[in-house]
Structures are given as structure tokens and as C-alpha cells.
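What follows is a set of structures to go through.
The following pair of complexes shares a single chain, subunit A, combined with subunit B in the former and subunit C in the latter.
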Partner chain A sequence: MSIMNAAKKRWVPYAFLSPYLLFYLAFGLFPIVFSFYVSLTSWDGIGDKTFVGLDNYKFLFNPDSYFFKSVGNTLLFVVLTLPVQIALGLVIATLLYSRWVKWRGLFQLINFLPYIVTPVAVGLMFNLLFDWQAGFVNKVLLKLGLVDEGIYWLGEPLYARMVIVLMLIWKGFGYTMVFYLAGLANVPKDLHEAAQVDGASGLRTFFSITLPLLKPVTVFIVITGIIGGFQLLEEPMLLLTGSGMGSSVAVIGGPERCCLTTVWNMYDTAYGSTTRYGLGAAIAYGLCVIIAVFSFVGARFYRGDSE
Partner chain B sequence: MSKSGGTKRIVVALVLCLLAALIAACGGGNSGGANPSASGGTGPNASGGGADTGGTGGGSGAEAGSGGDEQLKGEFVLWTWEPEHPTALAAFNKKYPNIKMKRVNVAAEDVPKKLQTTIASGGELPDVIRIERGQKAKIFDMGILEDLSAAPYNADTSLLFDYDIPAFSVDGKLVAIPDDMSVAGLAFIKPLAKEYFGTDDPEEMEKMFTSWDVFIEKGKEVVQKSGGKVKMFPSLGDVNDILKGQRPEPYFDGNKLNVSALESVLSALVKFRDAGIVDKLDQWTPAWNAAFGGDKYIFAECPVWMPQYVIGPNDKKDDRWALMVPPGGGIVRGGSSHGIPKGAKNAELAWKWIEFTSMSQEGAEAQKTDGVFTHYKKAYEDPSFTNWTWRNFGSQDIGEKFFVDISATTKDMPENINDTYLDEAMSIVLQTLAKDSSFGLEQAMDRIKKELKAKAPDITW
Partner chain C sequence: MSPALKKTLATLAIAVLSIFSLLPFYIMTIMGTYQNEDLFTKIVLVPGSYLLENLKTVAASRFDLVYLNSLIVSLSSTVLSVFVSACAGFAFAKHEFKHKNKIFSFVLLTMMIPGQLGIVAYVIEMRYLQLSGTLLPLILPWVANAFGVYWMTQFIRSAVPTEVLESAKIDGCSDIGIFFRMVIPFIYPAITTLSLLVFLWSWNNYLLPLIIINKPELYTIPLGITSLGDAYRTDLAAQILGLTLGTLPVLVLFAFGSKSFIRGLTAGSVKG
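So, the complex of A and B:
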């Protein structure tokens, strides 16, 4: 009887877990394993798969491949946007949390709204704003006499990158602000009062008390920001190719492919201008390794911090 | 103990049911359609046609013109992004009252992707797909389309224009039937032409612009006379469309790039750029669209669909434009065709639809009412059929210009999947050419080679 009970104890949890486990097997594990297998083949999705071993992974290191360029572009966007998003989010959250700001809820909503705008709309909106000839930004610059001719925002690599960075900052600072607001609510008030009694200035209190206590929030934002940054696709894609229609061919990745992100590269390789599923899967696995490394490093920081 | 065993069995059964449901959901519904090569050769006769196709066998092209057929029964599925053509559908239903069409809305650029994912997942393919020109090479390259010139379809190729046959064939097999006419000429703004060339008569303009070299020289005069305010074209992309359309040979023979054909187009583009007669607008941008309503650019490439979809909406003024045959003759720009995937269940019914709408007089007339000119050659022998005016072009019979004058000079080239890679590389080159005056033929070729190596390592030159 005790053996039966032991057996029952063993399978009952699995039986209860089985709906999730089966879904995971079908829609989680199987695609992961299958796409790894695809990454070892040459396949256009229609014909037979030809096993090519690690050739697709080798191609990622080929100078003709855009893999490392796209990783570099993505990293650049993360490095340029994340610190500004964090700083802006922190400043606005601190201001909103202070006693000087009225209608806190309203401002909180206004600042958070860009984050909930769909990426497609964001891309198209900035595409219209920064259009070379019909865009609002150039019209304003020309009216003010700051430029003689409209700036070719989306046709020059430097400007195109600037527009993307601006777009990402605009979209993302509300998200960081919300986390900092939550973090600020958890900072014990008595610490601030003690600092005030000791004669510390507001700035000193912020840097010596508030900021260190918000470190876990910052670390979380940095880790999720890096992971999210590496998944960047819709905004630059719509920004740089949104106005194309029908059979017109837009420049994949923007001028000089300066804005080709890793996911865009993967998407274009597998489903866009080429249908190389094998190489697309290899790019996806390459991206997975990079995200895993950053997540691991981030997790170490996080753990170190909480200890 | 027995109670415990019963519970265990029930749980195991439930888990197995769940697993089976998941696997069934992933498996797709068409057991035979997963590999088109396995079901190759199917068609109206071989398909069986399902329960309601009537099983009457396929019809040849000659039969299409005959009276209605009530025996053909059933529903075929069409993937398209086009709104319904009501007159054509009504005329088709009059002839084939028992054939129903089910339209599935798929965006033009999504058709290849949807085909791929459907095939990869073993899903059911439609009976007919609409293929936009930009996706044509990609879809043709998949090797999933039926040979429509062979039995049981036996498409009569003499019903189409001569330039259609190589453009819609793969390895000598006709795999799609063109639907809407897309020959392109050169439109110009009459007041500007009068001012700078002394005439706005299309025939006189055709006599004046005998070659692109003459065009460039005249363009330089225009730029000089206007102080740089007026140019010939808004975008180098427009020039590329025309020059590419007029290339004497295909860009690719299999995987081999025809370097001389590409170089001749690129060097002409450099010449256009260096002459300063083309502006730097990107095609399809708001500024490019707005240019049609302005008076800064004299010429615009003009496919059949341009008056209705581009010039009309952007230029509110009437009778400002005229249409002419470009130096070097007409080109094909855009347009769509219909193909039948191998293994289509109701291929016979789908073929009847294609044959009626694109290869018959009744279809041509019905489609014209819906705003579509088909490739049914014979219809254009009747001047009253070709007659077509559009408000932006005043009283000019642009139908006659398109379908008689331009069509007679038009050529088209077969394209394969490599052409789509080249198009993508060219978009970068065009952008760089427009903004960097030091970027020449050599750099352009280097750039294209680099791009092609990344996209398709098999290409040789």
C-alpha cells in the first residue's frame, strides 16, 4: 500500500501539471529544438532540407554577412537610448513624487502614453515627422531659417540613427518612470526625514539615499532594457520602409544598413528579401546566445546587489 | 487499489486526449498537400475535384468561349488583395452559375510568406493565387505553380500579348496568366513641355525625344533655362524603372549575373545623375506623390494604373498631362497575374475563372467596366474597346496610346529569384547615387556585388 501511495504521490503532480507541460512541449520546446535543427540545414521552407552542419553559423562570421553589423547597430541603439531613458524616467518620477507637482496622475498618464502606442504607429508617425520634404520637422527648421534645405533625415546614416534613438527614448522613458515611481514609494520616508534633520540638502539626499535605494529597480530596468533592445524590430522597420507600397523596394535596414537590427536581419533573411530559413534560424540562435550572455551578466549584478 | 487504478487510467486518457488534440492542431488539415512535388501533375482532371465539382473534366482554351456550363459545380478559393470585381464576377456567374468563388484577403507582399508557411505546416493551399509583379519571381521560384500551357488547362498563349509569354513562363512553362495591363509610357505636364520644348503634342514630343541621350541634353537645357527650378524626373528610381524595363537582356541567366546589361543601366543612371536633370526624391514618399500636383518635374513614368491611382489623387487640375511613348519604347511596370498551385483541390473551377476573366472577350469587357484592362489581345483590335480618357489627360485617348502605340513597342524580360535580390541592392545604390555625386559606376558595381554575396552566395558574374 505504501508503495502505491508513493507511486501516486509521484504521478499526481505531473498529471496536474500536464496541461502546461504538454502545451510547453508542443509550443515551447518543440519549436526551440526544431529551429535548432533548421539552423543546421539549408531550407527555403518548401523543398527538402539539406543538412549543412555548422555552415550557417560559419556564415555569421563571414564578412559578407550582416550579423555582426546588425548586432553592433542594436547595441548602439541600446547604449544610446537606455541611459537617457533611465535618466529621464528617474528625473520625471522624482519630480512627480515630490510635493511640488499637482495633478500627479495626469502627468503620470501623459508621460506613460507613448509607451502604449503601438510600435507600428510610432514608426509611421516618425516617418511622417521626419520626411525629407513633407515632414513637419524640416518645415519648422526651414520656417525658422535654421537650414537652407530640408535635412535628409531618413536617407543619411547618422541622421537616421539619431531619429531612431529619439523615437526609442520618446517611447521608452514612460516605462522607466513607472518603475521608478514604484521604487520611490518603497523608499522609507524616515530616512529622508533623518537626512533632513541632519541638514542634508535635497540634492544630497537624492544622491546619497534615494538613488542607492533605487539600485534594484535600475538593475531590473537595465536588464529588461537590454533584452528588449535586442528584440527591436517594428519601429525602425516601419520608420524606414513604412511609406513604401506595393512592388516598390525599400532599403532594408535603412541607408547603408545603418539601422539594421538583429531581429530585422533575421526576419529579412527568413521571411523578407530571402527565404533562407536555415540562416534565419542560425541568426536567431546567435541572438539568443547574446541575450543569454547579457542576461547572465545582469543576473549576476542583480544577485550581487541583493546579497 | 482498483479505485486508484481507475483514476490513474482516466488521468492518463485525459492527458493522451490533450496531447492528441495538440498534435492534430499542429498537423494541419491537408495530408496530401504538404509537399507540392508529391502532388504535382494534379489539375482539373486529376484532382477529383471534391464532392461538388461535378467531375466533368478540364476544358481547353477553345472551350472557354463557348456557352455557359451548369455542370461545373463547386467553390474555389482565391487569395487576393484586390477588392471584388463585381461586373466580372456577375458575368462569370452568368456563364457558370454553379461555380462560387471564395475570396481570402491576403496582402500582395504577404502572398509568398503565406504560401511558404502554409506549405511548411502542411496546410491547404488555395485554388488560385493573385501574384503581384514585385513578388512574381519569388513565387515562381518556389516551383509550386501548375503549367497552364499543358493539359488539362491548355492555355492558348496566342490570346495574350507576345511579351507576356517569356515574362510569365519558367523553363518554357507558362505558370501564370497576366490579369491587369501594366504597360508603361511617359507622361508629361503639358504647360511645362510647351514652355521648354515648344510643343505639348505627344506625337511631336515622340519625334523630338528619339533617344535617352537627346533626352539628357534637352534636360540640361531645361535646368539651365529654369535656373535649376524645373527638372525632368523627381526620382532616380523612376529612371531606373524605365531603363531596367528597357534592358535588352535579362539580368540573370540562372545564377549568372549579366554584368554588361547591369553596367549599361548603371552607367546610364550615372549619366542622368551627373546631368543634374533628376531630383533626389525617394519614390512613394509623400513628397514624391505631391510632385504630381506641382510644376517642378516635366516627366513621370506612367503605367496603366498610374492615372487612376497616382496622378488623379495627387493632381486636382484637369487636362494638364499628356502621354507619350518613351524613347526606347514601352516597359512593363507592376501588374498582377493568376496562378494555380499544384495540388489545388478545385483547380478546374479556378481555371475557368482565370480563363474567363483574362482570356475571353466577355471577360475583357466585364473587367473593363470594373476598371481593369486585361491582356486579352484580340479585344484591343476594336478601337471602341481601347478608347479611354482620364480627366488629368484631357481629351487624349490614353487607351489607344497605352494599348496600341506603347504596347507595340513594349518588351518584357523573364526574371528569377535573383532579380529580387538585385532590386533590393539597387535600392541602396539608387539612394547613394542620388545623394553622393562621387559615387560612380565602379562603386555601384562593387556595392551590388557585396550585397548579392550577402543575400545569395550562389550568384556568379
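So, the complex of A and C:
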């Protein structure tokens, strides 16, 4: 295990570790601790800080902070998109791995493309596709005679949410696909052969052998999906505000703020329509607590399940 | 079902999904080759003839400078992050030291913390250090990358044989020599995968530059794309072309790297 047991130079591991630790202390941990202090103050970044104790945290429970509304919105997006992403990613990975499919590498790349494209571009792209007047979707619907006039996709809460869910599924299933492909490559081949010899059908083998063996991958995807999902910002922001980013206060969070995510809320509170640094920091801490709760429950659920 | 039919059906299913994946890109690319007015009146399905004109409009906005900034930020972040992660991973995987398990658990814990937690204070810190007029604030957060350390630790633990390191040690090889000549060659797959990921993350990063960068000459691609909209509010076509150009580098990078990317993931830590 160790190449240093016999050696006297005890400082060597610390030397290899120190760049990481120093950078983390200076630009990771310090801002996190200092942010907590800021969250206990009322501050606009220019004038003096006033210590206000837990007032900012109390304000999170006030509907005017939009904190729980934004958490609810974000959670809704995660709940509606993650299962579909997992199912689609799993199906595609299984098909690609089955060797029934030609041009495997090409299809693998194509379906991964949406994930690697700059989120800002994704938001703008869908903004243009679903534009009321110039959008591709409305033009096609009109041409086919399915609607009499263009649908106001980004102006109605329900439609706006539908577009976001579609956009997130489009963007995310390539990510799950890649991890399932990696997981499938680690499933021992002889298990499948044994099942086939015993006369199990392809589907049966998949559900009783492959799927359980992929469980660690699924858990990884669910946890990173929740953490990543709660940090959602650019896609809805650019989708709903378009390229004239933030220029109009009316569109923050979309119609009736139905698509305001938690990080968007934090950005808008500290750097957008208001410059309340203290409240912004409190929103960030609130978000962290919520992510921690979900990760903890997720991990518990996983552990309880496997015993 | 006959094997031939299975093959056709499976390929067809994937092909349909691939069209779903590609369609938005296709429409965007096509839209960038038309004149602005046409976008509002026609359904465009085949390439137009206005590409060069739109290119000129984009070039006039100093998009090359934005590109350069993004390259500087992403390349520096990637190199620093991968190097620092490999060093820390080497320490965790092949050395014994006091509180090792505690420190490693701490690293795992920080992996769960969202990047936005300290952002308010980080911006103030950068202002205080008088770095907010440079590109450094966009690079520094990537250097200490908990995911990278975890990734490298797992990989070095399983891919680098301890006996090789021990015999190098006996032959009088220095610790730094061992790291560069014995460890690094064993972990190329992990380096490739981590490099692609960090490059992608920093290339696509939006919130931090949006808050910190206020000079147009320091804009990175995501900011550059959105500012194209401000400059040419009426010229949708040019903006769309800028969008396409801004996403091109990562597409090319993954087109060439996706095979080794997946190979690295497979060999790496997703085993649970």
C-alpha cells in the first residue's frame, strides 16, 4: 500500500498534498467561511456592513424572498427530468452496447453532443426555436395547420415549464448514457452467457442481472443529477430573458417566476435587481442545506436498500 | 426475431433519437447562413448564401479576442487542475501519513458542496486582491478540484503497481522522479478524461465571469455570445452564427476525444 513506510522523509506526502490544500484553503474554504459571515450582515458591497444576526435566514421563509418558490421550481425540474434522462440514457447505452447497432461511435458522440454544448448556447438556442414570432416550432406548427396562431411558449407558465423540461431532457440524457456505457463495460460477460445457457430471455437477463449490477452507476447518476440539478441557472435564464440578458426586470424567473431557480434567485438578489449580498449569501447557504438533506436521504435510502 | 431484423430495429431506434439530439444544432447552423429578414418569414431547412456576410458581422465584434480569453482560461485551469489533482492523488494513494483518512473524507465532503456557496465572498476576495481586472479569478477555483483529487486517488490506487514504485525507490530514484517517470505514464487515461471534463466545465462556466468580469476585453465565450445579442439586437442571424462558432471548439475536442474519454471513465471510478 505504501512506499513510504520504511523511509524517514515524512514530509514527502505533505509536499505532494500541499498545492491542493493551499489552493483549497485560499480560494475554496476561505470564501465559504467568509460568505457565512456575510450572510449574517446587511451589506450592498460598497457601504458598511451591519450585523443583523439570523435576519437574512428568517427572511428566506418570507414569500417575498422567493426562496422556497425557487427551490420548489428547481425540485420540480429535477423530478420531471432525471427519471426520463436515466431511462433514455440506459436504453441507448444498452442498445449501443448490444452490438446490434451499426456506427456505434458516431451515435455515441451525437447523443453526447447536447451535454457538452455551453449551457448559455442551449438556453439561447431554445429561446430562438420557441420564439413566438420567428421560432422554428411555431412556424412548423402553423405550416402544418395544427394551430391557427403561434403559441406563446415562453409567456405562459405551463408552456415555459414544458419547454424547460424538454430542453433539460434533451441536454442531459447523453450524460447518463456515457456513464451507463462505462458501467456496462464493467459487467462480467460470463454472467450473461450463463444466463443464456439457462434459457433466460434477453429482457429477463437485463432486468435480473444487468440492472442490479448497474446500481452503483445509477446511484452515482442520481446523486450527481440532484446536485447538478439544484445548480440550474443558465438554461432557464437565457431561455426566458433571451440575449438581452437581464436588461428587463419583468422577465426574472419567467412568467410569474414559475421558472426561477434557486441559483438564479441568488444571482438576482445579490447582483441583479438588488445588491443584497447578505441575503444572497444566505440563499446560497440555504441551497447547500437543502442539497445536503437530499444527498443524505439519498445515501440512506441506498444503504438501507442494499442491506 | 431474426438477428438481421433486430439489428435494423436497434439501429433505427438509435437513429431516431440521434435526430432528436442533432435537430436543434442543425437548425441553428442553417439559420446562421441566412439574412436576418429571412429568418422571420421562411422556414429554413437548407443552407443559405449569407454565411460570409454574417461572419463579417461577427468578426467585427472582436470575437477572436473572446476566443483567446476562453482558451487561456480553460487551458490554464485544465493544466493546473490535473497536475495538482495528480499530486494529491499520489499522496493519498501511495503514501501513509497522519490523519490521511480524515483529510480524504474531508475532500469527499467538499465534493458535495455546490460551487456557488462561497461565490459572494470570493468576488469580494478577488476585488480585495485587485485581481478582478484579470482572468485569474476564472482560473483559481479550478486548481483545487475535489473531484479531480478523488478521481486521481482511485485511479493511481488501482492502476499504479506499488512494487514498481518501491523498486524505483531502492534504485535511488527521487520522489519527484518517481512521480513524473513512474506514476504519470500509468495514468494517461485518467489524465485525458479529467482534462476533457475540466476543460469543458471551465469553457462553459457562466455565473462566475458574469459576476466578476466587467470589461468587454476580458469576456469569455459564454459572455461573448450573450453580448453579441446586445450589439446586434436586430441581427439575429449574426448572433446565431456566433453561438455556433462558440460551441465549435468543445464539439471538435470531444469528437476526437470521446473514445478515450469513455475508456477513461470505464477504467476509472464508476465501479462504485
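What we mean here is this: the second predicted complex is superposed on the first by the 272 of 307 C-alpha atoms of A that agree within 3 Å, B and C clash if a C-alpha of one lies under 4 Å from a C-alpha of the other, contacts with A are read in each partner's own complex, and residues count from 1 in each chain.
Here, contacts are C-beta pairs under 8 Å (C-beta built on N, C-alpha and C of every residue); 3 or more make two chains touch, one makes a residue touch a chain.
What you are looking at is a predicted structure, and each value in this text was computed from that prediction instead of being measured.
Trainee: By the touch definition at the top of the document, which applies to A:Ala134: first (subunit B), second (subunit C), both, or neither?
Mentor: In the superposition, A:Ala134 touches subunit B and subunit C alike.
Trainee: Spot which of subunit B and subunit C makes contact with more residues of subunit A, would you?
Mentor: Greater contact footprint in residues on subunit A: C.
Trainee: Pick one for A:Leu166: touches subunit B only (first), subunit C only (second), both, or neither.
Mentor: Neither subunit B nor subunit C is touched by A:Leu166.
Trainee: Just to be sure I read the superposition right, which of the two partners does A:Phe34 touch: subunit B = first, subunit C = second, or both, or neither?
Mentor: In the superposition, A:Phe34 touches subunit C alone.
Trainee: Between subunit B (first) and subunit C (second), which does A:Glu156 come into contact with in this model arrangement: first, second, both, or neither?
Mentor: first
Trainee: Taking the superposition on A as described, I'd like to know which of subunit B and subunit C A:Phe23 touches: first, second, both or neither.
Mentor: In the superposed model, A:Phe23 contacts both subunit B and subunit C.
Trainee: Quick check for you: in the superposed arrangement, does A:Thr275 touch first (subunit B), second (subunit C), both or neither?
Mentor: It touches subunit B, and subunit C stays clear.
Trainee: After the superposition on A, what does A:Pro255 contact: first (subunit B), second (subunit C), both or neither?
Mentor: first
Trainee: In the overlay, answer first, second, both or neither for which of subunit B and subunit C A:Ser65 touches.
Mentor: A:Ser65: touches subunit B, not subunit C.
Trainee: In the superposed arrangement, does A:Gly45 touch subunit B (first), subunit C (second), both or neither?
Mentor: Touch partners of A:Gly45: subunit B and subunit C.
Trainee: Could you give the residue numbers on subunit A that contact subunit B in one complex and subunit C in the other?
Mentor: 1, 4, 15, 19, 23, 26, 45, 128, 133-134, 243-245, 247, 271.
Trainee: Using the touch definition up top, name the residues of subunit C that touch subunit A in the complex.
Mentor: It comes out as residues 3, 6-7, 10-11, 13-15, 17-18, 20-22, 24-25, 27-28, 31, 39-40, 43, 83-85, 87-88, 90-92, 94-97, 100, 103, 110, 112-122, 124-125, 140-141, 143-144, 146, 149, 162, 165-166, 169, 175, 178-179, 200, 203-204, 206-207, 210-211, 221-222, 225-226, 228-230, 233, 236, 239-240, 243, 246-247, 250-251, 254-255, 258-259, 261-262, 265-266, 268, 270-272.
Trainee: Enumerate the contact residues on subunit A facing subunit C in the complex.
Mentor: 1-5, 7, 9-10, 12-17, 19-21, 23-24, 26-35, 37-38, 45, 88, 92, 95-96, 98, 100-103, 105, 107-114, 116-121, 124-126, 128-129, 133-134, 136, 139-140, 143, 170, 174, 178-179, 181-183, 185-186, 216-217, 219-220, 227, 230-231, 233-234, 238, 242-245, 247, 263, 266-267, 270-271, 277, 280-281, 284-285, 287-288, 291-292, 295
Trainee: Considering the complex alone, what residue numbers of subunit A touch subunit B?
Mentor: The contact residues of subunit A facing subunit B are 1, 4, 8, 11, 15, 18-19, 22-23, 26, 44-47, 59, 64-66, 128, 131-134, 152, 155-156, 243-252, 255-257, 271, 273-275.
Trainee: Applying the document's contact rule, which stretches of subunit B touch subunit A when the two form their complex?
Mentor: Touching subunit A: residues 1, 4, 8, 11, 15, 18-19, 22-23, 26, 36, 108-109, 112-113, 116-117, 119-120, 132-135, 138, 142-144, 237, 280-287, 290, 334, 420-421, 423-424, 426-428, 431-432, 435, 450, 453-457 of subunit B.
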